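I've put the structures underneath this note.
In what comes next, chain A is part of two complexes: it sits with chain B in the first one and with chain C in the second one.
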Partner chain A sequence: MNSVDASEHYDLGTTDLAPSLLTIVFDTNPHAWAALNQSLPLSNAVANLLVFINAHLACNYANEVAVVASHSQKAAWLYPSQHETPSTTTADRDGDVAMNGSAPAQTNKYRPFRIVEEQVTKNLKDLMDSTSSGDLRGNTSTMLAGALTLALSHINRRTIAWAEEHGGADLEDAAAEGGGSGGGTGSGAGRHSAANEDERLQSRILIVSVSGSSDSAHQYIPVMNGIFACQRLQIPIDVCKISGDAVFLQQACDATKGVYMALSEPRGLLQYLMMAFLPDQRSRRHLVLPTRVDVDFRAACFCHRRVVDVGYVCSICLSIFCEPPPNNECLTCGTSLDIGDFGGKPALIPRKRKKKKRVNGTSAAGTPMSTPTPGP
Partner chain B sequence: MADSDEEYVGDVTEDEDDLQVSRNDRTRSGKRKQRGAAEWELSRTWETLVEGADGTISSTVEGLLEAGKRKRLLKDTTPLQRGIIRHLILILDLSQSMSEKDLRPTRYLLSLRYAQEFVREFFEQNPISQLGVLGLRDGLAFRVSDMSGNPTEHITSIQNLRPQDPKGLPSLQNGLEMARGALFHTPSHGTREVLVIFGSLLSSDPGDIHQTINTLVTDKVRVRIVGLAAQVAICRELCTRTNGGDETAYGVALNEQHFRELMMEVTTPPAAYSEKRTASSLLMMGFPSRTVEADPSLCACHSKPSRGGYLCSRCGSKVCSLPAECPSCGLTLILSTHLARSYHHLFPLINWVEVPWNRASISSACFACGLHFPPVPPEDQWHTAENHAKGMSASSRYECTACGNHFCIDCDLFAHEVVHNCPGCQSKSMRVPGNAAITSDGMDTTA
Partner chain C sequence: MAASTSRPLEYLEGLPGTTFYKLYQQPSTALAIFRRMLPDLAKCFVMALLYLKDPLPTADLELWVRSESKKQRDNAISILARLHILSKTRTGDNVLAYMVTNPFASSLRQALVGSEDSQSFGVFSQISGESQVSIADLDDYARQQWEGVMGYMVGTSAFSGQRELNLSKGVKQLLQAGHLVEIRGSRVDITKDGFGFVLQDVNTQVWHILILYVESAEAIGMDSVEVLSFLFLLSSLELGQSYEKKHLTSNQLRTLADLADFGIVYQDTPEATRFYPTRLATTLTSDSSALNNPITGSLTGPAGDSGGSGSGFIIVETNYRLYAYTSSPLQISLISLFTNLKYRFPNLVTGKITRQSVRRAIEIGITAEQIISYLHSHAHPQLRKHNAGHATSNTGGIPPSVLPPTVTDQIRLWQLERDRLRATAGFLFKDFTSLAEYQSPCQYAAEIGVLVWKSDKKRMFFVTRHEQVAAFLRSRNQQ
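The block that comes next holds the complex of A and B.
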């Protein structure tokens, strides 16, 4: 930027650090937020989140953000709006005059901040309005797997688009890495392996979670699929746990080397976000991160969606069952299984009887030990 | 530029064919018979180019690119026994003989590339197994990556070898001794295997390799070798002796594809290794959680003091690493994440179908990423786009038949190859279809 040399233009791609894309999966489960209302109302949480997003956008002019809501009956985009272009809808409804008139205080706001704020609040409001009481009845879970998949699709799209803008080499790389056997561009994958760490669009996912995980046990497989995709693409999943327990999210952080924090004081949400979750991957190399040493590695069984720590595993397909399946047939692959002698008593080593004394005794009776006799 | 594009397509085609052949014979009778394994080197990619109506080939090239993206592996649902814990050390020859160019681009680059694919495939097939990588260079053996169950680590460290150059002479003995050391502590219920990629015709050893072979036989380490040059007597002896007289463990690659086949053969879980339990059984397994204590305590497996560890879910004894068998109650302890790695084979994502123009108007953008689709043209132009490559949707839309949402080609590819989730199905409140997902492979109109 400072130099007026024309050659600067060519170096820009390599010297410029890649911006980072922060994708926030925001758990908007109404049941959990209702329970939290005393300490942290949803409106405060959204306000805190917006400040955090602004901080992220302020770090680098090219930083990007995306917000997905993981609601109780569906997962939806909060920012960017996916289906209708936001500018046209507001223009249709409000027009220029209305925009100026409605928000005079907003005119001095940095434009990216304002766009994010408007869209997030509007879409969140729409989402809440579209939630009927019927949706909430008997449904206390959250669509975490869907939100994670949407977030990953967006990251994939942005990574491809960014790589296309900044030279196609990285695209090949990403394809080879992501596609596995599909994108067999072997030489392309290796050439940039050393450099791509800094050149690629840096993506990370932050999950702001309030729901308990026992409700989402039926999403075990899709969630794990999402986690493995992140692991493969080297996208860290950070988890900011405001309430509830999160079995699978702990595994997500552990597998993708993300930050896991369970808030002891939900009112300090903004503080936690700013301190622990703002640094991107490059900065994190120089920081001592809040590490989680205890990780809950329990799995969900396939038959009753229970979270188990001891299960029966089909040796063919590795499905997990919480009890031996009916007819001893694997519910997934249909193989008839031999049930081992489980539930039997563990093999205990019989305690050795101490025969030493008797042996000593008999030997003492038979051949008495020679006692040292004092020499003359 | 056009040249490299074509090469890229050809490349993908070969790979896909190879994988399919090695995985499943059933796919040989598939629709792509004309590009079967025998003809792979005679595929003339330029002949498939047809001039479009406007006199350029750009549309065909784009079509080929997209069709190439769209082609994907048939889902592998053959019941393989994945519940076998294997311990395998992959030894890569990184000596000067690997810079030969008889395998393209060089033996070195090709074997590194295949090694990465091997790692990925190995963990797909053997999710609860462990792998380590060693390299042979300058008469020394060095550790490329430690024994672990995380494929990403191995692949990154193999990738880091790329800028380096192969040099010096290899020492088979040093490599085997180091592999033996790495496998020495592995529990007895798993297998101990070594796979050597050996490009040289000699081994410069510090001692008597026959003694090393004897110790390998005693330690029940099985060695398999893929040679790249010619058959070497000591390799043959090594494989024969460590495999109980079986000579098939030593193979010499004839060409690139054969090399790949020989390597990928090893990823298939060995069938005959489990002698005690029958082919299919229900195993009781524990999924212990990791704990860290304030004060060090002795672990049950090595009696070494440590603070971190995994507590057996049944009896509470502490073991240092997973997978393991609980030393006190005998329960198999594994990480549930290892098991979960293979679940996308069990519940594969159904293939999405192409959307013809007459149904394309219901969507304007990709459901997952928001990419805008090309607008629907007037009805009289619909059929002109029909001569596109097979497997490609004329309207650039792909539909998940379960949720009815439309997706772009990149999201289709990403969903099927990386995430294995449908963004549409997961975003709506409907339960995972479970068993129904297995049989719904019938919509494979594209492969």
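The block that comes next holds the complex of A and C.
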């Protein structure tokens, strides 16, 4: 009789493990890759990334992948192709024969791997070909915000579609409720996903980033909005930082509990990817993952998009400014702010010399007392 | 996953190391085994180690896994070792380290990056396609053949009369050799194993049959390695494409013809120059969850028309009523194994799960677990949806179950009702002359924990192990 207890009959449900959807945001900023050409040429990086994608697809029959390029002037899909839907059928085969010239190439590779590889390389080539020198001249940054948004919308669509196929259809409700309850969503979203974490499509985003932070500062607000959306939907953002150091991406990992790694040796990209970024959410529960301890929490100001350590914050809408806004009016909400003597130095209350001397004189044990504690 | 992976896994584990060495030469085999047989954590280990130049010290691997997950880690490593994928070596400074063994590692790498000249993933037929067979036709064919096999086992053809498929002799022999059916004269009786078999999901069934096939292949002089790697090759082919036969060896061609009888592959005629894998083959490396997708589900569910709406067709209510949206005689006869059917409509049968009906099922050798897993894998999407809707209000920590817990518990309890006797092998001590003589060894037996039963009145006791008690008695006699 002991075999019928409270826990046993719940085990059965957990055997159906949902596949995972990996969405890769690949930073294709030509300026940054040109700078990296010595240590890691773009072609090598793409090859490594493709092996990593194959490894992800190899892990489960139903695993899915999507790749978005975050280019200098636009964000574009690399896989799946958005325009040519019949690409997997005969049209693709014809194209393939024309490109390779020989048919036997098809046999050496698992078919799904080959489809991804072909589309990614083809679309990447198209993207590079369509980039004119004019586009590059004035622009050294990457469209991270747009790529992140594309990734998020793709994840959302796939999640809903998957849930419909498999009957676990509370995702729309979850999304609706999460959106509706506005401010206090942190706990609400957590509750939803905790209940059926294993049953929904396991989505995560991997950002392969090469551009520096100053370049993407002008997108601070949309990027942060994307990050908060991920946080709410419980989608971890992993960041593989090949060069530069983007401040906001550290915050993205920190907020969404993703993996952050800045590569010290870009040539070993594949090994980094395989070890740190391949495990999905279920495996991650068992693994110690690399994260960043000292997260750079600096923000970009709303007026000049500078990354600031200390700035001015509107007391109404919490917008950040690097200097007092013109006319003392908040640029975001228009509240007129009473800035007062902002330029003045804070008044220092001189410490009573006598007392300090006495403390120093007696013993070291008294030192903690010397730090003034703010009163209630 | 555990239930469905176990059988092929068990079989593979029984193979000798040299067989693995030969098997892992093929990239498709390495990929299929990696995908199908390994738990999540083991996959992470393999992938992390795959492109490492040096073996990874064991201590480092232990550091990588959280201390709470020691059990999962050990499980993953033991499975990897049993499949001869991971081996322990010593590095230069004599530190124990793990590495992925070589034919497997190189084959998996080849699978990931694409290799030069192997035809491990099949060769497309180059004949251009007016005569291409559509995916729907392939699904129909697979379903027809597979249900034919099932129907043959359960004996539905006897009363429905409609699907008198010409099952080949090989199929029948295989089923008999696997002890799934017993053939007495012209009558076919399903065995206990057979009942268990028909209640499993399709993917598990296909694996079961394939393992049986491989086992029997050795008996008729085919190389099991060749057959196995051909099966793994089939699993990596693409649905709806035709493949050349001329690259196959004679044994593989023979296998192909046998598999066609099960609906795992399709060929126009046995002499055709090309073959098509059906969905039964291409989903071999998916685990049970992928079977819930609508397309494969239509194999088990009502034929074709409602296939798009989802895989399941059974609704179980908390009052033990069961509604099954199916018209398939096979499914109806399966359901009737453990349900009292009441009404039958063109697309629906209803019934009730009762104590009588469950006991009847258990008496013919079906277990409660099999009934529950059958209901679970064929649960109607509505049931899953309902369950997911309630998941949020569920108390935290307990994953919700698709079936009403009252029903699953009760089915288990009904089974336990029959398990009132438990046999314990052991030894009876009796015929003690005095109470004192009886008492001290009895007490001793209780202390060392071998005592099962005692009767002070009859001066008897029963123990599981007698050596220590006998020694105790002897030492007392000497005193």
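Remarks
Just so it is clear, the second predicted complex is superposed on the first by the 290 of 376 C-alpha atoms of A that agree within 3 Å, B and C clash if a C-alpha of one lies under 4 Å from a C-alpha of the other, contacts with A are read in each partner's own complex, and residues count from 1 in each chain.
In this text, a residue touches a chain if its C-beta (ideal position, glycine included) is under 8 Å from a C-beta of that chain, and two chains touch if they have at least 3 such contacts.
Treat the numbers as computed from the prediction; the structure is a model and nothing was measured.
A count of residues in chain A touched by chain B and by chain C gives the higher number to B.
Contacts of A:S130 after superposition: neither chain B nor chain C is touched. After overlaying the two complexes on the shared chain, residue contacts for A:L287 are found with chain C alone; chain B is out of touch. In the superposition on chain A, A:Q251 makes contact with chain B only, not with chain C. By the touch criterion defined above, A:C59 lies against chain C but remains apart from chain B after alignment on the C-alpha atoms of chain A.
In the superposition on chain A, A:S43 contacts neither chain B nor chain C.
By the touch criterion stated above, A:Y110 is placed in contact with chain C alone, chain B being left untouched. Put simply, chain A uses residues 191, 194 to touch chain B in one complex and chain C in the other. Interface of chain A with chain B (complex): residues 72-77, 80, 82-83, 135, 139, 143, 145-147, 149-150, 152-154, 156-157, 160, 178-187, 189-191, 193-194, 218-222, 224-229, 231-234, 251, 254-255, 293-299, 302, 308-321, 324-325, 328, 330-333, 335-340, 342, 346-347. On chain A, the positions that touch chain C within their shared complex are 1, 3-4, 7, 9-10, 12-19, 51, 54-55, 58-62, 90, 103-104, 106-111, 113-114, 165-170, 173-174, 191-192, 194-196, 198-199, 270-271, 274-275, 278-280, 282-283, 285-288.
By the touch criterion stated above, chain C contacts chain A in their complex at residues 1-3, 27-28, 31, 34-35, 40-41, 43-44, 47-48, 50-52, 63-66, 68-69, 72-73, 108, 111-124, 126, 129, 236-238, 283, 285-290, 292-294, 310, 312, 372-373, 376, 381-385, 388-389, 391-392, 394, 396, 398-402, 405, 408-409, 412-413, 416. Contacts from chain B toward chain A in the complex involve residues 8, 11-12, 14-16, 19, 69, 72-73, 79-84, 105, 109-110, 112-113, 116-117, 120-121, 127-128, 152, 156, 159-160, 162-163, 277-278, 280-292, 308, 310, 313-315, 328-331, 335-337, 339-347, 364-365, 367-371, 410-411, 413-415, 417-423, 425-429, 431-432, 434-435, 438.
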